[in-house]
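Just so it is clear, A, B, C, D, E and F label the chains in written order, and each chain counts residues from 1 on its own.
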């Protein structure tokens, strides 16, 4: 199991355990049912078709099941596809578990939690510290497990907190260069900006939108949370209004979901840092499997652009 | 004092008490200071210049003062202007007070309050009733005095509650015609939709934006208020999420300040009713002083359109 | 025939007469021809495939034919589909006719005609009455049968006049609340606003665009009709110009097909009423088959939004 | 009177008869009235102020009066302005008339009419010829005198017909190069495309919008005219629908006032020719008084661009 | 071989040599591979499927191969498709070559070259002549063979130079009508405007974008070429700056790829001529196979419009 | 001369040497000429009027002159203005020079040059180093003196190189955090991205656009410079194409002046860094003179937003 799914070239044979990410039934033009499977391991995912399936197959090869597959990598309209020769469900003796097949943040979640605490220790404004720390504590179980989004960027276990820690580092670097930045406000903004996702999304894996996610959205959710926590902690200063604004405005524009544009320096910086870290994550993901001298697949979250990896770029 | 400021034609002489709405100092091209006054009574407002003013004048003729003026209505670039011949401050014996000069809603605020209560009595969903009634009670002092906006529409004393009562009547008429509408949700939405204005704006007269108004905005404010009130009343059903959505979405689009578009039937209807009542108010205001066969002044809030009043329209 | 096509859940067997709305030939990947049928009754429509068809089948199962079908409701990519087990053409002894399978307005067209007349009786402006009544008479055959659109809203037999009657009721309710509205102009505008559709569209059923519909459009068509009718009736007052404007402007903006934006009060109101009634119709259609606690299918005509039906909404 | 108003450089003295194009009263900061005059001759127009005016002056120096002025050309914020030293009304013995001061088309209107007739003689489609010729005859008095627009391009006496003749020549050149073009349809479209302006605008000089111009617009006006004329001439073929489309679509897009985009080849060509001739006219006007090596004033009708006149461009 | 591929109606049998433009492998729902072929001759192209292919077939029926096909024209979703009955590779004795099957400009490339030279002979500005002539010479091999675009317009052998010659004729016609146009600058602009395509595109047939094409684009490429050539020829006058601007600006707007909008008269004209010739070419291509009384296929490059061909248009 | 112009509050008297940034003649409503002066020192600039000026005054108080002024700071429409009581030209004995009054980068230009060299020393790609170093050398005189823009951001002496050094530091911080970034390409992009400004702008002080600046623009200028320098140095690898792309794309979008969007990782990063440094500079400038608890003046370059400076922000 050393070599992973996306490491195989077109034409290669594979013999792998894989996790079924999704399984959709269709009806072929000969009238018989088939399954469209999306199969994944930590390297990424591929599509595969299973033809002429029975009701039994449909139950066995459902989402979240682990299967053992023998097959070939084929080229289908310029994308790799997996052709299944043999398939069977994994059994206890195979000794595999779902977590083995899911992408996770490159740092352990305890390490992330620890580093976030280091940032909070450096903050001086007591009001901002108390609100940030209390909300972090209230939602810590979910905060360190959730992804940062359903798709596009940081869409993996612990993606949310990993996105936060990357942004905190960036925030520190920027504050070191531009001395007028209020570090406390910026750090609090970074830590809390996407915390509403723990209510917006359904869970750490195969996340979907909850009813509150669909109807209210993570931006308004976190603003309410700050309001209630400030009330609970009996904090009433201008910091509460300004912090709520920084969170409210972090998508930058009405069209992008922020009911107010950034009107405070740190709100604007938070917006730009958020964009930068998400962009980096999306470009890295797209270029990782692109060969030097070629263009990547199109990246939906970046205006559908296809990025070029130069030949002189020897990673 | 029967005939009001805007009832006079160009060329007419006037002898009136007026309220100074704003007073701005300028420096004339001969190097001497002057005041640009905006003077108003219940019929509306006009500009006037006061030349060669002393420091004393500047203090006497400040905003919110009542003055007695003798002068003429002149035409300046197609708009009426008031030329001042004599000006003096009002004194106690004149027996005039600011309220005499301010536009107010055409219905008395007690009547408005009474009618709103009638609507609430007809609501059946206990959760929605309790939240609506409690918030109305919490902010009743300001709710029945505030304007609905700083300018554009319903920008007068009690404008907010008058806007609400007009919309409730419209909501009822629509619900009578379209039986699938959930009246409770729609009425609650109408009553609360602009309640955040009591925090967004500074007060019932010459309203400006507060810090919370500028940085958070009335939409997010009311959503927080509903959240806290529901928590206080220990209400936790889906009604809370849906009501918050209806309020959040009532501007219809991200560009117009709503972080979510209407995704519930009553949210969409609330948005359309709000637009319709505001449009009616702006068109009425523009056409009130337009003669049959002429075009009104441009209405900023309606894409800067100028409306025609037909000759056969004999009001 | 009590239970209708869309009343069956996935998995259920059906035994129904249905009307073929459209029939498109395709070639399956085994090289044999098949038909994609859209089958309908009054409850709505579903897709079905007929495999391995002969030239005979192609002729028998063409659009506008009635067929008897035994089959099952299946789930295909989250939408219901009909799997055909047996199919045959209807014969005279089956005693079925196309009208049995088509959605129609919920009110009888005579009733609609009668109610429209009641509105006209209330109009006072003789010029507007004569133009409106004469055009209604000229096109009465088609006006009471045509749909209001090819798809999106009121796309059924008598949909056009039903849309008009709903809007007239709304117009009355609004005029009762806002006394400055000119009822005559508004009623005339409502009755005539989509009358150009009787020339723009091909007929009451399976409507397509005529050459005039494609090249001129119903807005310009009705304006010409008013012009010619006014000339014929020797009416020459300002009402003709203003009425033409009201019709011309009822789509609200250039991008939406109106060469002038609404510049008369009633033109703006007509635009908003039209939007409101169309929105209501589209939301009702989308939510009718949506269960409480679920989101509807996306509604193309409403910015592709998917609407939520609350659990507490017990219709 | 050889040298004209715009031929004088800044600093030069002038002694000229000029026509008052507009006269607007203002009140100076010393409280005294003044007049802002726009003065013109065939070379163009300049602004001038007349200080401390009496009621008499206001009457004497109104729009459409001819005056004799002695003054200087000054530079005011980068634009030329005329400083008045002496002013008097023209008297009969001065032997000047308004027409001497107004820009007109560079060709005589009889010549224009003659050339348009030559184009019609070359048309073969009898239906298109009859409609075109009849409408030309019906409105010939105004057609040959009106401007093509209120401002921006061809805003002078006979500007409308001069614009048409320039476009006809362009249409012929294009049809000679692209043989698939239907000349008859294109010529008819060119001749009629702006004929609605004779109803949209108030007259040949100092044109403003009429009520029909404001509420209906020249595009819908000409379409109605074609409809009525076709009916009168009992022409009923497809040519009428297509010709109406060509006229309807000639602004190219909904945002620019066409309810339908060009869907017929000649409609698209007409749109492009119209744009090209208007562009040429606006650029020529802007560059006429620009020196080589300098940028012109900004041209509002061309996205506010300022055009460069190269040094090597020796006209 | 007289009658060509697109001359056959649906239902007709064909027996033709055709060139394979592209060949894409797919996997049918029975799990077997098939090829989607695009087949062409000078009249245009059609799709065809080849089922159950062997590895051998895949090699034999690759892009750029000539094949002999016996089959039928079928209707598939409103478009013609070719059903293959027999297929074989062409052999030497068939005496066919790729050039027989590719669309080319309607004029021979020597004629085009000759006519372009005639235009250059008429130019007077020595600097512009030398730059134009030298660049034309430098790239003449490719310039007279390349297409003007990958798709949309003039996408055939010699399409680039044919597009240039059509534009030169149009430029001449316009300059004859508008005497202020600088012919030398306009002709130089026309000849060079798309010359960067010889570097942007991969070759005269089945052109794709080169790396420079993707990353730099033909506009910036030609500007560099002019810069270097001017330096080589030691030309330093304002003509170089202005010519580069004319080329840089010929797409008209930033959104369309021009970093500067046209700020010189000839730059604007070049932009309009380019648009007009491309539009003509796209409309002609769309209408060529459209019958009178019908609408063409949608034209992607013209806002996805579908054009109507009138019945009275008897080509 | 310790306290500077913008350090004085409204009402204070001033006695300062100031540089005249611009001087515009106007004509007052009493017909007499006056000068509108913009006066500056290192703290910023204020407007002042000089009434009743002679021809002599106009010559003496022209742009770039140093004057000694006694006057008062006044409030004019919410902005500070300087009222002049006494004015005289500076004389040699005053011992003041223009450089004393102009804002400059906060670091000395030798230091900037030195730091940029340190960055180049760290680059490894020989081709990128040679091109960057050679262009820096070619334009060093202007590069270290020019502003980064005419207005909006870094519009001071050495602003261009200061902007570059700030961006290099940011680039380093980002590359330290995201290891996939190609430092060489990013550093080269940062150093060269605005180098075209040395040709686009007229000089280090009171910069205006040159003809090349207006017609070609700094983006296309620097791309040409790289092309020519690569040719001169006989460098031909992919680095040249990619570096040109990175420069070409650094404005991010066609609407913002880049003919290609960023299609290489470092191009996107350069765009975001550029935006971030410019934003920081604009926000700092706006907030520098804003008191805690107040909103700044509107910032044109940041969507006309007005930024709030929190009370808890104790700089």
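The working rule: contacts are C-beta pairs under 8 Å (C-beta built on N, C-alpha and C of every residue); 3 or more make two chains touch, one makes a residue touch a chain.
The structure displayed is predicted, hence computed values, not measured ones.
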item: If a chain touches subunit D and subunit E alike, it appears here; value: C, F
item: Chain-contact steps, minimal, separating subunit F from subunit B; value: 1
item: Fewest hops from subunit A to subunit C - one hop per pair of touching chains; value: 1
item: Identified repeat of the D-E interface (over half of residue pairs identical), from A-C, B-F or A-F; value: A-F
item: Angle of the C-alpha superposing rotation, subunit E to subunit F, to the nearest 5 degrees; value: 180
item: Which of A-E and A-F has more C-beta pairs touching across its chains; value: A-F
item: Between subunit C and subunit B, distance of the C-alpha-averaged centres to the nearest whole Å; value: 39
item: Between subunit B and subunit E, centroid-to-centroid distance (C-alpha), Å; value: 61
item: Centre-of-Cα separation between subunit D and subunit B, whole angstrom; value: 44
item: Shared interface positions of subunit D, touching two or more other chains; value: 29-30, 211, 214-215, 238, 242, 263-264, 295, 308
item: Chain-chain contacts as defined at top; value: A-B, A-C, A-E, A-F, B-C, B-D, B-F, C-D, C-E, D-E, D-F, E-F
item: Residues of subunit C touching subunit B in the complex; value: 125, 166, 169-170, 173-174, 176-178, 180, 182, 185, 237-239, 242, 261-265, 268-269, 272, 275-276, 279-280, 283-284, 287, 295, 302-303, 305-308, 310-313, 315
item: Contact footprint of subunit E on subunit C as seen in their complex; value: 24-27, 29-31, 211, 214-215
item: For the subunit D and subunit F complex, residues of the former touching the latter; value: 28-30, 34, 49, 51, 74-77, 83, 295, 308
item: Subunit C - residues contacting subunit D, complex; value: 211-212, 214-217, 219-220, 223-224, 227-228, 231, 238, 241-242, 244-245, 248, 253-260, 263-264
